[in-house]
Amino acid sequence: MTNLAVDICGLRMKNPTMLASGVLDETGKSMLMVAKAGAGAIVTKSIGKEPRVGHSGPTIVELPQALLNAMGLPNPGIEAYAAEIAEARAGEIPIIGSVFGGSEEEIAELAKAMQGVGVAAVELNLSCPHAKGYGAEIGSTPEMVEAICRSVKETVTIPVFAKLTPNTSSIASLAKAAEKGGADAVVAINTLKGMVISPEAKMPVLGNRYGGLSGPAIRPIGVRCVYEIYEAVNIPVIGVGGISTGREAVEYIMAGARAVQIGTAIWREGPEVFSKICREIMDFMDEYGYSKVSEMTGVAHHGRT
Amino acid sequence: MVGLRIFTVSDHRNETPTIKSMRFKETLIAAPGQFVMVWVPGVDEFPMSVSYAGDRCGITYQIIGEGTKALAMKKPGDKIGMRGPYGRGFSLQGKKLLFVGGGAGMAPLAPLVEMASIKGAAVDLVLGARTREEMLFESRAAVAGARMHLSTDDGSIGFKGLATELAQIVVSKHSFDHMYACGPEKMLVKLLTISTEKGIPMQASLERVMKCGIGICDSCAIDGKHVCRDGPVFNDGDLRKFAELGKSKLDAAGRKIPV
Amino acid sequence: MTNLAVDICGLRMKNPTMLASGVLDETGKSMLMVAKAGAGAIVTKSIGKEPRVGHSGPTIVELPQALLNAMGLPNPGIEAYAAEIAEARAGEIPIIGSVFGGSEEEIAELAKAMQGVGVAAVELNLSCPHAKGYGAEIGSTPEMVEAICRSVKETVTIPVFAKLTPNTSSIASLAKAAEKGGADAVVAINTLKGMVISPEAKMPVLGNRYGGLSGPAIRPIGVRCVYEIYEAVNIPVIGVGGISTGREAVEYIMAGARAVQIGTAIWREGPEVFSKICREIMDFMDEYGYSKVSEMTGVAHHGRT
Amino acid sequence: MVGLRIFTVSDHRNETPTIKSMRFKETLIAAPGQFVMVWVPGVDEFPMSVSYAGDRCGITYQIIGEGTKALAMKKPGDKIGMRGPYGRGFSLQGKKLLFVGGGAGMAPLAPLVEMASIKGAAVDLVLGARTREEMLFESRAAVAGARMHLSTDDGSIGFKGLATELAQIVVSKHSFDHMYACGPEKMLVKLLTISTEKGIPMQASLERVMKCGIGICDSCAIDGKHVCRDGPVFNDGDLRKFAELGKSKLDAAGRKIPV
């Protein structure tokens, strides 16, 4: 019997797909809706201490195979957001709380608050490419990644996932640093820093000028990152970036991912993309004789490592 | 770029002291009720209903804040960006139609009134405004053949009172098989009660903060649905299920605030 | 009168488009053909000291908006290649010799040999993401970039272009290092390191596993890099990555590029893409009232820097 | 992925002691003369003409080096990758056609012989091989209705000598309005002379090292044209312009070596 269930650091997921942070996860009811649409777990929007309105518009540019976004980490602040998480937990799938902050202490504090609200794990956004003083700006050196992971691990008892940036010369070094700092898993990748200029307007389109590139265009970069990380660390890897079919999810899994996250695919396909991807993974496993998802994890390294 | 296109202002005129229409040289195919995300370069981007579809497409907007103020400065020949059209517009049904438009809410309704008339439906329009000169698209609807019912808060023309009060009166006198509405959410809530009481199916266009316009950022969420993708037009079945309708919405930071 | 001519470090180009290194430039006759098709200048394939057959196949994966390649720097070696350059020079547009090597000395020696063959400028490939010991492996720290540029500048008198990798947390730092080392211009970007896995074959598709992503998918990353570099250095920037229309060339130019390079677009459009792009740039300039390309360079920074 | 598809071997058989045909369960639409890039996972990728197009598509290959050796090991049910079809195939013209195939060169010609017969053209085929048992697709062409002219280097069947010598004889006896050829480049050069002398238009399929298959890497260059994109089939006009034809080609490192 083909079985899609996976276990990541004790989180039991009925299938290996998670909602990626920042997409349809500002409200409890939307997260519930995505849970009903078939996701195996939900990562919340990245939440900070205080409410933030984010960047001015445009916050999104649509491209043929990608989105460029500079939302700017809008969020109602951890206090107000607690009610949304409480609502989302009715969905009976694991809720992973994503947090961002400007310092070790702030991130640790937020992680603790998340734990208080009852999330199953916390994901540290060390990788948003377009918010000054947050995200990738504090997650771009192994030293910072290690220090932040360590602080958080000293503060919470739930599993800690470190979400890493691909805007680096060595994501494997960042992953090793996360592992050393005690992270229970790494998530790769966040968006790639990009820009679109309107020649007619003579200026960058995004209100913030710079944004993060997501969607099918970045998938080869995400797969490569997961492949590199898998060879560098022993903790689980969660793959994300441009997945919109079961085959593409399997690509990440074979590169080394235990589970995958899906964001931008919702743009073209709606939340139904989760059940579609799960069905496609199942079909692939049936055809190629896999009975458990974990049998596929990392097989693309076979005979190499 | 798939979404964003550059449009050239062809003309720009005052519809009322606070509402302007901007038309473009380019064509935009859109169904009544669909919207675009309007980019004023260097300023901001915000959602606007397509008030004129097809050739010489256009939008009709109320000057509210920074974005619409900057839009109001644009002259013929100037360029702005628009992406879309997005969302699900109105679906034209029935033969005896009641339209209720409040304020700038007439923007998405006007092309639907025209379409309904062309298709031979009988159209009654309850048009509400604060005062006489704020009445939007009154002649446009009249030219299209709508039977007009005007209301103003100050009684400067037509019925003195709320558009919903006038709608209640109109509904009690005539029979309708479909209602279409756009305007303040309190107005929509009352119309929904009328729709329920009289058993008249209704469609209404909602507004929420919109950042992406394409169903991914959650800023326009209402009870797990998304105004940008599932709406902006919802039918009475959906509307009745919305616990947040007329009560709460999200602000730009995602905080729940009263409507 | 709209005029497409540009001048980069004394190289006079009739239009701002150059053939990017590695695409249709292994033979003199192909370079001549591209010159006839309308390119303003030609960058040669990256040439090393000894002949190299490159990686085993597959060397290319076609994606909807990108190519992933791992050619592996195949080349006949500088000695044999001299004849090809001699042939290409008949095209009467500037030929820029691209070189790669495993050390400062080797690169400087190759640059000197290129100068001997009569190229108009030399481009240093400090950025190929898929050849062990070359390219990005030696061009990923500012120290190395500076040292290599300095060695080359001490050795040759022709202009030196440093081609940089986007696989870094700060391409602006690499550009500054190139400027400090004496480079006359920087070229950005080379490909992004990526991987495609075939789920059915359970392995990476490329013979070399890792490859470089090029084409429309990477354009927002290239534009961002050029924009960042333009704010960081005073030497000219040459933009490359995913350009296939005049509008996209203008995007790079407004981000700060004085000229652009085109590679992957030839895949879908053939070499005729050069004259098409030039025509489109011309049309844009006519419509928006520019008479010289240089008037557009960097205008997307207006009111920012 | 746009290009690469996975194909399942349906059957695999020896055509001659050194040439095998591999057919697949899947369909591949390709014109005669077009080629695919064949990926033997874990080994290499190389160009092969499509010798069977459409349903149960297939390739026919000579065992040369590592890649084709690995291919020869595949059994029904095994999977390989192919991308394509690429390039410009033959364009069928004329009514009285002379085909000249040398060795594995019959692979791209066989489907064209079939197509020509179906379209009612008269087909003469000069088929050359080293020895009798290396004769490729002899019966396939005969079944299609081609008039056969065989030549072997060792005289074990048919004319003893080169296919070009036999072709010269055939051409002197019959009249043709088009020639189609694939085989060793020296053979093509001689046929081109015949084509020029007799004024018979000719098309021939060329081989060069191919790495990308899509016209960007320059490895298949011949006088500034690209066999993968401008070819592999060229007409006599192009062929005559190629100074490198029959003389030089590039090796895998891009060095010019003798053909």
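Each chain carries a letter (A, B, C and D) given by its place in the written order, and its residues are counted from 1.
Definition applied: a contact is a pair of C-beta atoms (placed from the backbone, for glycine too) under 8 Å apart; a residue touches a chain by one contact, two chains touch by 3 or more.
Note that the structure is predicted; figures quoted are calculated from it, not measured.
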{"item": "Labels of chains that are neighbours to subunit A and to subunit D", "value": "C"}
{"item": "Inter-centroid spacing, subunit D versus subunit C (mean Cα positions, whole Å)", "value": "37"}
{"item": "Averaged-CA centre spacing for the pair subunit C and subunit B, given as whole angstrom", "value": "50"}
{"item": "Separation of mean Cα positions, subunit D and subunit B [Å, integer]", "value": "65"}
{"item": "For subunit A, residues contacting two or more additional chains", "value": "61, 63-64, 196, 200, 203"}
{"item": "Residues within subunit B bordering two or more other chains", "value": "none"}
{"item": "Arrangement of touching chains [line / ring / star / complete / other]", "value": "line"}
{"item": "Which pairs of chains touch, using the document's own definition", "value": "A-B, A-C, C-D"}
{"item": "Sites on subunit A touched by subunit B in the complex", "value": "22-27, 29-30, 32-33, 45, 51-54, 56-64, 67, 69, 71, 74-77, 80-81, 196, 198, 200-201, 203, 205, 207, 263-264, 266-267, 270"}
{"item": "Interfacial residue positions of subunit A with respect to subunit C in the complex", "value": "61, 63-66, 68, 136, 140, 165, 167-169, 192-197, 199-200, 202-204, 209-211, 213, 216-218, 220-221, 223-224, 227, 247, 250-251, 254-255, 284, 288, 299-300, 302, 304"}
{"item": "Residue ranges of subunit D touching subunit C (in the complex, touch as defined)", "value": "1-4, 6, 37, 39, 41-46, 67, 79, 81, 83, 211-219, 221, 223-226, 229, 250-256"}
